[in-house]
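In the two assemblies presented below, chain A is common to both, partnered first by chain B and then by chain C.
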Partner chain A sequence: MNSTLASQIVTLKIDGKDCGARGDETILSVARENGIDIPTLCHYDGLTDIGACRICLVEVKGSPKLFAACSTLVTEGMEVSTNSPRLQRYRKTILELLFSERNHVCAVCVSNGHCELQAMAMKLGLTHVRLPYRYPNLKVDATHTRYVQDDNRCILCQRCVRVCAEIEGAHVWDIMGRGIEARAITDLNEPWGASTSCTSCGKCVHVCPTAAIFEKGKSAGEMVKRSFVSELAAKREVYE
Partner chain B sequence: MSQSISVPVTASGGKLARTITIDPVTRVEGHGRITIQLDDKGNVADALFHVTQIRGFEKFCEGRPFQEMPSITARICGICPVSHMLASAKACDELLAVRVPETGIKLRRMLNHAQYVQSHALSFFHLSSPDLLMGMDAEPQKRNIFGVIEKHPELARDGVRLRGIGQQIIEILAGKKIHAAWPVPGGVNQALTAPGREKILAVLPEAFTIINRTLDWYKSVLENFRDEIRIFGNFPSLFMALVTPHDPDEHNAMLDHYDGVFRFVDESGNVVKDNIDPRKYTEHIGEATEAYSYLKSPFYLPKGYAEGMYRVGPLARLNVIDRTGTPKADREWAEFRALRRGVILSNFHNHYARLIEILFALERLEQLCNDKGILDPHVRAIASHNAHEGVGVIEAPRGTLIHHYKINDEGLMTWANLIVASGHNNLAMNRSVLQVAKHYVKGAKISEGMLNRVEAVIRTYDPCLSCSTHAAGKMPLVIEAVDPQGNVVSMLTRD
Partner chain C sequence: MTAEELNELIEQEVEANKLFVHSINVCVAAGCLSSHADQTLDALKKEVKAKGLDKEIKVKGVGCMGLCAAGPLVEIRDASNAAQVMYQGVQGEHAEQVVASAGKQSVQSLVCDTSIPFFAKQVKIVLENCGLIDPERIEEYIVAEGYRALQKCLQELAPTKVVEEVTKSGLRGRGGAGFPTGLKWATVAKAQNKQKYVICNADEGDPGAFMDRSVLESDPHRVLEGMAIAAYATGANRGYIYCRAEYPLAVKRLKNAIKQAERVGILGQGIMGTTFNFTVEVRLGAGAFVCGEETALIHSIEGKRGTPRPRPPFPAQSGLWGCPTLINNVETFANIPPILRKGGAWFASIGTEKSKGTKVFALAGRVSNTGLVEVPMGMKLREIVFSLGGGIPDGKKFKAVQTGGPSGGCIPEQFLDMEVDYDSIAKVGSIMGSGGMIIMDETSCMVDVAKFFMEFCKSESCGKCVPCRVGTSQMYDILCKVTDGTATPEEIAMLEELCDLLKSTSLCGLGMTAPNPVLTTMKYFRNEYDAHIQGKKCPAGVCKIKAAQEVLV
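What follows is the complex of A and B.
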């Protein structure tokens, strides 16, 4: 925590609403405190924000560029717009890119009905994908005795990487490759079942927004995620 | 409906041969095409039934966790997803190598019975009744379900209601009408509730009334279809279906839509092979491919390809059993089998058989609803994979459905083979098309009624063409026009 910023009180406007905040808060957290919804996918309460998914893009008056609300700190006099037609259009396009990049087949997915990507598509009114699908040929790693990793459904939000490093402290997960070739890997791209660092705690399973990581043995629609990680993170902060 | 008579093909020697194409074949599930080859006198020389779509399910499921298979394969079809889901779940049970709780099996059976009610109702009322009520020569614009609604509203209402009841029971059991993910490896994922059971029991009396009324009506008009009965797929063949495991000397093999053993009977009703373990289907069933269709042609191995033609489905099921096993259906079955000594050969009688099977399904549903253990919450065995190979076989409304999977050590699919009802019937469907074409199609004047009869014979099989072509690979489709001398005068190849 940046104590200098934390001690500053700033005032700003989000969607025309006057808000007061500490200087070390992000636009996202201030918006949510004030009942203003900004959609997110990679953000997870209790984990460090990295601005990976870009769904939370917002406009700040006076700047031509867009800002990721999850990783932009508030400043004095800021005027933020969270839901302009331009932002709605961009968010939809980002979702379309996510859907077209991998093989998301909701109907037969273990997370059908409990998936954050699917829910986001419904929330933002995504009725179809205008981009051609890439249909990449991706592996399913079922070597772990309890869990399965399916790259077909990964949106590279890196929640697994963060929860494993920051909460569990094992740092099994990482991202290998760049851009369209980027993949979530375990250890040094070893099969998950061969990982010597994994504690099999299952935190990555429960923070995964889709079913890129899921419990073995689940059938379609049966993978319901539990939200214990944020609570765990909050408790750790208390005891630290 | 786009039925067309294609451009005349000039044959060698100045003679003219013609090919009639019926494309698409309507009021069946999926896409098919029929070509009829005429000789220079205008008589039918040959006829072929083509299935022109490819699905690829056997291939693209490779690499997926096997637990996904019930939901993946259910997407093969929107009419009988329940059948695929159950056959798949049964194959997965074998991969788990566990004992599925009794109530889980009973609930799956209920789901299957409800599916029979809706699927057979669809086939009989929505797809076939226009031919039966309006006549084969009626205008195509009137010969559809809307024509039925106009002319015979009470029958149309019965059909819609009966199908609705079947779908409603599926929804009560599985949570939704189509593609519910309720059957899972090891059982089903939710128990039946007491209010659910009451709801099912409440709709059954109306369903019984409808099916009894329809059976009475159908039997009263059966005589009008003497020609069709004689010509529609009326030829000797083998018949195959699942029956309850039995002592061959006791003559007590009963109708079973969910489980059991295979029985083959011949055209005289003699049992050719009995008590076959469905897991060993490859020892008895071979699969041939023909260049003219994406649909494979299974055959009874000991008799060899083409000779080993057999039929599956409602007619086959009622032909292979010794009794149905429920009182009302047994009475109807006895009357049905009295139509002919031995087994019933005419495929037209599939319509009749479907009505009897609906009655059977309703009786079984009632029995299962009143079963003491049906509300037992223990409906699923939980396990990881314990075997590398599994076969799941059930009787789908259209006939025997086989799912056969292989997985690796991690539980990922490495291989799948699906033999679907319409596939089993492929050889017989071709034979039937030729029989009907030879009888009704006469070269000089081709009438709508003639073409419709050719289509209608396919409809007696109620084929699900979208289900049946699930294999992937390069199988070029070749359409040939052949002149009376046997020269190929025109060929279209698609690959």
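What follows is the complex of A and C.
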């Protein structure tokens, strides 16, 4: 944590509302503290932000560029707008891109009803996808005794990568390949079941926004995720 | 090395050179090497020895002379280093004739006319030593006023004064975006941190660009001197050169140059008898275009996956291992020694109001003289293409210039009289970029060009953010349908929508600029898109349009 920034108190406006904040807070956290909801996908409380999904983009007065609320620190006098028609349009198109990228078939998915991608589509009013589906041929890895990884449903948010490296300290997950060929992998792209670094703690299962990682033998109704990461992260910080 | 020792070294070198009546310089940069300049060099050396002339004629390998298309290039110079003649296409079999012509009648069949605009209209600052000095010998660089600027900084100028001089010069970053170099240096200099770094970005990934490569292969010490001055000015003591592994010769010469500079005490501890320390290491890129982006490059040096991160914080605040880091392009650093030697005001007197100095361009594609040119900022595009470049070969008609690689755009004929500088190129929807210029004639299909660059961006996208990862893939698919003749007007509208999305929402410059080739070709060559979609025809005859029946089934 940046101690000089943390000791600064700044004031800013989010959607016209006056907000006070510490200099080391992000636009997202200040907005949420003030009851303003900015949609997010790759952000996860307690994990380092990476600004990958671009769903949380906001406008800042005086800048032609958009900023990812999850990974932009507040500054004095900032005027943030979080829900303009332009932003709503971009968010919807980004979601369409995500749905078109892999094979998201909600009706037969174990996370149906408990999926953040699905929930986001409903929240943003996305009723259909205008882009052609790419229907890629992707693998399912069921070699682990307790969990399954299904590439068809992965949105590459890297939550699994971060929770495993930052909280569990095992760094089983990482990303392999570039661009549209990028894949979440375990160890050096070895079968998950053969991983000697995986502790089977299940943290990745609970942070995965979709059913790209799920627990064997659970029915659709049982795929409820627990959120314990921010608590763990906060406790770590106290004892550090 | 102290100042006296430096002067001594210069004297020794000058004395040694006096013994020679002539020197025969052979270009051994990548372009000429590919046409066997190494064999030419060997043959010339053997010939000189065989004729017993090795006390009079010095045969040496030098850096790029520019007109790569005519290689291997060989130049004969006299004792005062004045050029007698330049030869082109010199092979081993010509060695006897070439050696015999030193100081005598030139071999007419080999002469390369250096009075043509390609040579005559160039103004050389960055490339001033290219083709003149042996890049593998530090002595030659030093005699050519090398490391004099560093010496002057260490002895006469406080770090803040060095930054002031760079600011005064008006130099802007040559890596693409044209950020004011003085301002960047000042930010790093001001940062409060014991450890700071200087990084030289030598990842040069734009297809068709080889300016940085040429500087590194022809005059590597110039880049080291620029970095050392930057380190002194900003308070850094360690430097990295991030060079793409596809440039093995540049890497070899850089490593050799670093070793030589360390040996004579120009790099290392207590440089030139002062308390200034600076060491440089070469790091190799593994062939990812995105690793030229500064934050991805820094991750790569740290041993992490080369993906960009959101800025701010900028590297000047928090860069390599979280420390304030100055990152500049090869050509930017190469401009530094002359600026400090001759003063910022001198540099600022060249170029246009907002773009100072010169720019090296790599001319490629449908142009007679392919190769490297260095011209003052503000030269008309027409002059570069038609005068220096020698126009379009085979009597074909000019269509467009593509600048800035995959991040740039296509500039059509109506802007040929535009003065080339950062701002005017940006105004027409392209970017200066690193200096690649691909010239296209009537045989190029502009939709196909847009498709080529989109394919490049699609495969070079790092895949971290959604708009670029999926967007480039979807856009490429649409462009394929256009060149197939099967795209619908709705798909064209979607293409335009995605252009706007990527520009506005991508995480890094790759995604933000990926739409530029599409946007400029749609703007200036809409008729070609229409011809493919409505007319089911590729005007340039490049694309294979699917027959009507095929589309129906």
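Following the convention adopted for this analysis, the second predicted complex is superposed on the first by the 236 of 240 C-alpha atoms of A that agree within 3 Å, B and C clash if a C-alpha of one lies under 4 Å from a C-alpha of the other, contacts with A are read in each partner's own complex, and residues count from 1 in each chain.
We take it that contacts are C-beta pairs under 8 Å (C-beta built on N, C-alpha and C of every residue); 3 or more make two chains touch, one makes a residue touch a chain.
The structure presented is a predicted model; accordingly, all values stated were derived computationally and were not measured.
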Tell me which partner A:Thr72 touches in the superposition: chain B (first), chain C (second), both or neither. second
Examine A:Ala107 and indicate which partner it touches, taking first as chain B and second as chain C; both and neither are also allowed. first
Decide which partner touches more residues of chain A, taking chain B and chain C as the two options. C
Looking at the overlay, what does A:Arg178 touch: chain B (first), chain C (second), both, or neither? second
Touch check for A:Leu97: first (chain B), second (chain C), both, or neither? second
Of chain A, residues touching chain C in the complex: 50-54, 57, 66-68, 71-73, 90, 93-94, 97-98, 100-101, 130-132, 134, 155-156, 158, 174-175, 177-182
Quick one: in the complex, what on chain A touches chain B? 107-108, 110, 112, 139-140, 142-143, 148, 193, 216-222
Give every residue of chain B touching chain A within the complex, in rising order. 63-65, 67-68, 70-72, 75, 179, 181, 184-185, 189, 382-384, 410-412
Touching chain A in the complex, chain C uses residues 288, 290, 305, 309-310, 312, 458-474, 477, 494, 497-498, 501, 504-507
